[in-house]
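Below are two complexes that have subunit A in common, paired first with subunit B and then with subunit C.
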Partner chain A sequence: MADRVGIVEVAMTPGAESKDNFLDQVFRTSKELLDKAGISRDEVGTVVSASSDVFHGGVSCASSYYWDAGAAFLKNASRQDGESLFAFIYAVMRILSGNYSTAMVLGVCKGSENPANDMLTHFFTDPFYQRQIGLNETVAAALQKREYMTKYRITEEQCAAVVVKNLGNALKNPYAHVKKRVSVEDVLASEMVMEPLRKMECAPKSEGMIAMLLAREDVAVKLTDKPVWFKGYGSSMDHFYLGDRDLLNGQLGTAAAKAYEMAGITNPKKEIHVAEICEPYSFQELLWCEDLGFCDRGKGGKLIESGATGPGGKIPVNPSGGVLAHNPYVTRGLYRLAEGFLQVRGQAGERQLGRKVTTALAHGTHGFAGQCHAVVIIGK
Partner chain B sequence: MGRPVAILGSGQTVHGRRFDVSYPELVKEAVDAVFETTGISPADIDGVVFGTMPSMMEGVALTHFYFADVLRSVGKPILKTETCGSTGVSLAITGYYWIASGMADLVLVVGSEKMHEGDAQATMTTVLEPFYQRFFISGAPGVFSMQSQGWTVRFGIPEDKIRAAATKLSIDHHHDAFDNPYAHIKKRLTEDEVNNARIITYPVRLWDVCPTSDGACAMLFASEKAAKKLGKKVAWVKGVGYSGDEYWFGDSDKAEWQCAISASRQAYEMAGIKNPRKELDVAEVYNPFTFQELLFYECFGFCGFGEACDLTLKGVFGRDGELPISPSGGVLCTNPIGATGLNRVAEAALQVTGQAGAHQIPGAKTSLAHAMGGVVQFNGVMILGSEK
Partner chain C sequence: MEKEFNTFKNVIRLPHKYAAGPTYTKFYNGLKESKILGTRCPSCAVTFVPARSFCPKCMKNLDTWVEVAQEGEVQTWTYAGKDFFGIPGKAPVVIVLVKLDGTEGSFLHLIGGINLESADTVKKALRKGTRVKAVWNEEKKGHMLDIKYFAPLSKKR
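Our next item is the complex of A and B:
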C-alpha cells in the first residue's frame, strides 16, 4: 500500500439505556468526535456508517434517518449493514483509493428501541426450513457450545471463567453496560437459557453510538501526535446452513490469517499485545482464541485457566469487558477496535494494561455461531 | 486518484414475477451469468459486495448470511452496502473503491430484490419515522408526486406540457423495453392510454410508475492487471459521485435538488466532463416515475432548469436524439429495488463495450449510470468509458 491510514480519534456513548433521543445521540457522538479531533464537519472527506434496519427501532433504510445527524449531509458517504468493522474497512479503502484524506466511521445502534436480539436474529433464518424450528443466534450458540464441550472436554467452569473475567474487567470501563464482580458459582447458578447456555453467559442488549476519525498519514500526523495505524484486515464468510459447517473450525482462522499476513505478523501469541474479541457467548472467547492462534486447537479452556488472557496475562483478552459486558449488536466490532485504539495510545484509563501495548487486534462477528468474522490489526 | 478500475462484465436475471425460483436461486442466476459471460472462475475473486433494500422486504434480515453460498462468498471477505433505492449504485461504488484502494484485484458485486415476496409500498412507508411523516406520505408515489408538483410550480411549467412530456417518456420507454431481453414490462402504449390511465397520486398515473419486479444483477470489478489478463473489451470507471441531503422531507429543495446536482458534479469532475449533454453518449437515469426523470435531466445539467419538457418533446433525449436516456426501458419498466441501480451500471457498461444488442446506442464511448433512494434523499452517479 502506498499510504498509511491512521486512526485519529474516537468518541462513543456508554452501553446502558439512554433516555436521549436517537438523533441527538448520533449528533452528539459525531460532534464530540470532530471537536476532539479539532476539525469541522466541512473538513471531513467522507462518512461510512454501520447500522441494520432490524436493530433500528422501526424505521427502514436506517442510514436515511441519521444521515444529516451523522455528519453526512451532502457528502459522498455510504453505509454498511450488520458489522461495523465493515464500515471501518470501507472507510480505509476510500482513503487508500486516493479520493479522500479523511473519513469518519459511524456506528449506530440504539438497543433500547428495538426488540430482543434473539427475536431479531431469528429473522436471519430462511423462511422455509429454519424459521419454524425457532432458530436464532442463541440456539445456534448453544449447539456450538455443546459440540465444543463434548469434543474438547471444555468444562462449564472454564466457560464461566470468561464471564467472571470480562464482567470484572468492565468495572473499570465507563462505557460498559453490565459490570460486576461475580464468581464462577454465580454464573453456574444463573438460569439456563438454552441448554447448555446460562443467562450470565449470554451478552446483554445494549446501546452503542460510536464515531471514529481516520486520516491519510500526512493528515493524521497533523491532527494528532498519537495516531494509531491501520496494519491489517481479514474477513471471511461461512456457509449459511449450520449443517454445512464445522462449528468448531469456522472462518475466523481464515480471516485472522489474512489480517496477520497483511500486518506482517507471524507469531500472534507474541506480536499481539492485546486482543478485543467479540464474544456474545462466554465459550466463544475460548474458541475464538484458538482460531486466532493464541493457543492450540481445543486448548481454549486451559488458556483461560492459566490466566494468560487476564489483564495481567501474556495475551490480555477483552480488558474492556468485551461483548458480555456491552452488546450493541451492530456496533460491537467497532467498540472492540476503539478499545484497542485507546490501549495502544495509553489512554484506556483505569483499565490501561500494565504491559507495553504497540499492537492490538480487534475482532467482530455476526451471524449464527460466527458465520461471518472480521479481524483488524492496528498499532504504533 | 487511485488505480484504474475496470468492469469485466455483468449478469442480469430475467425480471418479472419470478415464482419459478426461490430468492437464493434468483441471486444464483445472476451470479452464474456473470461468471459464464466473463469466463472467470468464482475461485479467483478476492471478495464480494452485496446489497438489497435495507429493510427485510422479503422477510429475511441481513441477507448476506442467507445468500452466502450462492454469492460464492464462503471463505472470502464480504461488504454489505445498503442505501435504500440507491443501493445499486452504492454497490458499484463500493466495488470501485475496493479495487482502487489496492486491497483487491477482482471483486464480485451483486444486488437483488424479490419484491413479489413482500409488500414494497408498506415497507417504503416505514422509511418515514413514526411520529410526523409516516401518516401522510404513503409509499413511494406520495413523495415523488409532491416533488413533481413542487418542480412544476417552481418553474411555471404548464400542466398540459408536463403531461405531454411525461407521456412521451412513458410510451418511448415501454417501447424500448422490447429491445431489452431482461426487461419486465414491455408494452406498446398510445397517448390516450397513458393520459387517461388511472391516477395513482396526482399527477402520477399508472403508466408513469415503475412496476415491482423480482430480479438480480451481478458484476465483476477488476484492477487493470486483472482486466488485461481477461483480454476482452471492458468498461472503465471514469467517475463516481454520491450525495444525500436532509432526512426531513420539508428541509430541502427537491426541485433544484442539491444532492442530485452534487452527486453528478462530483462524478463529472472526476471524469473531466464539462458539458454532459455533449460528452455523454448515453445515460441510464433512475426513472421510477416519468415526472422525476424530467427533473433529473435538469439537476444533472443535461439542460437548464425548466427546459426538460420542451427538449424532451423535441426528441433531444430519445433513442436517436442528442443524448439518449435509458434505452433499456429503464426503471420505469423494471424495478427490483436492490438490483435496479446496479442494472443501470450494467447497462451503461454494455453500452460502452458495444454489447447492448438491440438497444445499443451506436458508437457509445461514455455513459452515465444513476440511482436514487430514500425519501427523495440520495443520489449516486457513476460515469463509465470505453477507454482507460
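Our next item is the complex of A and C:
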C-alpha cells in the first residue's frame, strides 16, 4: 500500500438502555470522538456510516435523519446497511483514494427501541419460500448448531463454556450490556429457545453508537502518538438460501485468508495476539475459531476447553465479552474493532490482556448462520 | 418501572406485495397438484428446489423442469416448543433441512407425523439421515405449506 491508514481515536456508548434520545446519542458520540482527536468538524474529510433503517431504526432513510448529529452535513457522506465493518473498509478506501486525509466511521444502533431482533431477522428471508417456513436468525443458528454438534461431537458444555467466558470477561468491560459470573450449569439450565439453542446462548438486544476517526499516515501521526494501523482486510459472501450452503464450512475461511495475506500473516495462531469475534450464538465462536485457523476443523470445542481462548490463553478471544455480552445489532462488527484498537493501544482498562498485543483481529458477520463475513487486521 | 423520560410508541404497518414471476408461479402451481418441481442447470447439472430461474454459479437461465422426489434425508432440525413471530401455524413445530433424493441442496420445511411433545420425543424419531416423505394438505393454496410437513418413513421400508 502506498499510504498507511491509522485509527486515531474511538468513542462509543455502553450497551444498556440509556435515557438519551437517538440523536442525542449520535451527537454526543460524534462530539466525543472529535474532542478526543482534537479536531473540529470542518477537519473531517468524509463520513461513512453503518446503520439499518426501517427495521432496526424504525426510520426510513435513517441516514438523512442523523447526518446533522453525526457531524456529516455539507460533506461527502454515505451509509451502508449490512456488516458494519464494511463501513470501516469503505472509509479506509476513501482515504487510500487520495481524496481525503481523514474519515469518520459512524455506527448507529439503539437496540432498546426496536422489537425483538428475530422479529426483524424474519424479514431477512425471501417472501416466497423461507419466510413461509418461519425462518429467522435464531432458527438458522439452531439448525447450524445441531449440524455442528452432530458432525464433530461438539458438546453442550463446550458451547456453554463460551457464554461463561464471555459474560465473565464482560464484567471488566464498562461498554458491555450483559455481564455476570455464570456457570456451565446456569447456561444449560436457561430456557430452551430454539432447541438446541438456549436463551443464554443467544445474544441480547443492545444499544451501541460508535464513532471512529481514521487518518492517512502523515495526518494520523500528528493527531495521536498512538495510531493503530490498518493491516489487512477480507470479506466473502455465501449463498443466500441455507439449503445451498455447507453450514459448517462457510466463507469465513476465505475472508480470513484474504485478510491474512494482505497483513502478511502466515501463522495466525502465533501472529494474532487477540481476536474479537462476532458470535451472536455461543457455538459460533467455536466454529469461527476453526475458520480463522486458531485450531483444526472440528476442534473448536477442544480449543475452549484448553483455556487457549481465555484472557490468559495463547489466543484470547473476545476479552470484551463479545456479542453475547453486547449486541448492538448493526454496529457489532465495529465494536469488535474498537476493542482490538484499545487492546493494541494498551488502553483496555481492567480487561487489558497481560500479554503483548501488537496485532489484533476483528471479525463481523451478518446474515443467517454466517452468510457474510468480514475480517480486519490492525496493529502497531 | 416508570421511566424518567417519555417514550413514543409507533407500530409501522407496511403492506407489500411481491411478484412471484413465472418460475415461482409454475412451482407453486405444481404444489397445488401435489408435485415438487425443480429446475436443472444445463452446465453444472445441479437441480434446484424450489425451482429457480437461474443458476447463481454458472449465471445461466434455467428452463429445464423436473419433478423431484418427495422423499429424502434429514440433514438438521430445530424444535420450537413455543410460538414465535412468523411461526408457520402454532407451536410445537420442527423446522428441518431435508435433502430430497436426486437434488444437491437441502429443502427447508417442517417435520410432522411424530410426537412433538418435546425435543426429547422428537429426538426419538429424528436424527441426521432419517428418511422422510412429504405429506400433503387436502386443501391447496399454492403455498409452501401445501406440503403439510415431512414425516419419517416407517422403519420396515
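Operating definition for what follows: the second predicted complex is superposed on the first by the 376 of 380 C-alpha atoms of A that agree within 3 Å, B and C clash if a C-alpha of one lies under 4 Å from a C-alpha of the other, contacts with A are read in each partner's own complex, and residues count from 1 in each chain.
Please note the rule applied: contacts are C-beta pairs under 8 Å (C-beta built on N, C-alpha and C of every residue); 3 or more make two chains touch, one makes a residue touch a chain.
Remember, predicted model here, so these are calculated numbers, not experimental data.
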item	value
Partner chain(s) touched by A:Arg94 [first = subunit B, second = subunit C, both, neither]	first
Greater subunit A contact set [subunit C / subunit B]	B
Contacts of A:Asn136 with subunit B and subunit C, given as first, second, both or neither	second
Partner chain(s) touched by A:Gly58 [first = subunit B, second = subunit C, both, neither]	both
Partner chain(s) touched by A:Thr254 [first = subunit B, second = subunit C, both, neither]	first
First, second, both or neither for A:Pro127, with subunit B first and subunit C second	both
Subunit B versus subunit C as contact partner of A:Trp67, first or second or both or neither	first
Contacts of A:Gln80 with subunit B and subunit C, given as first, second, both or neither	first
Contact residues of subunit A, present in both the subunit B and the subunit C interface	54, 58, 127-128, 239, 244
Subunit A to subunit B touching residues, read off their complex	1-2, 52-54, 58-69, 72-83, 86, 89-90, 92-99, 120, 123-128, 233-240, 244, 251, 254-255, 258, 366-368, 371-372, 374
Parts of subunit C lying in touch with subunit A, wherever the complex brings them together	3-5, 10, 12, 14, 16, 18, 20, 24, 50, 56, 75-81, 84-88, 93, 95, 97, 105-110, 119, 127-128, 143-145
Footprint of subunit A on subunit B - complex, ascending	1-2, 22, 24, 48, 51, 53-56, 59-62, 64-69, 73-84, 90, 93-94, 96-98, 100-103, 123-124, 126-130, 240-247, 258-259, 262-263, 266, 373-375, 377-378
Of subunit A, residues touching subunit C in the complex	19, 54, 58, 116, 118-119, 122, 127-136, 139, 142-144, 146-147, 150, 192, 194-197, 239, 241-244, 247
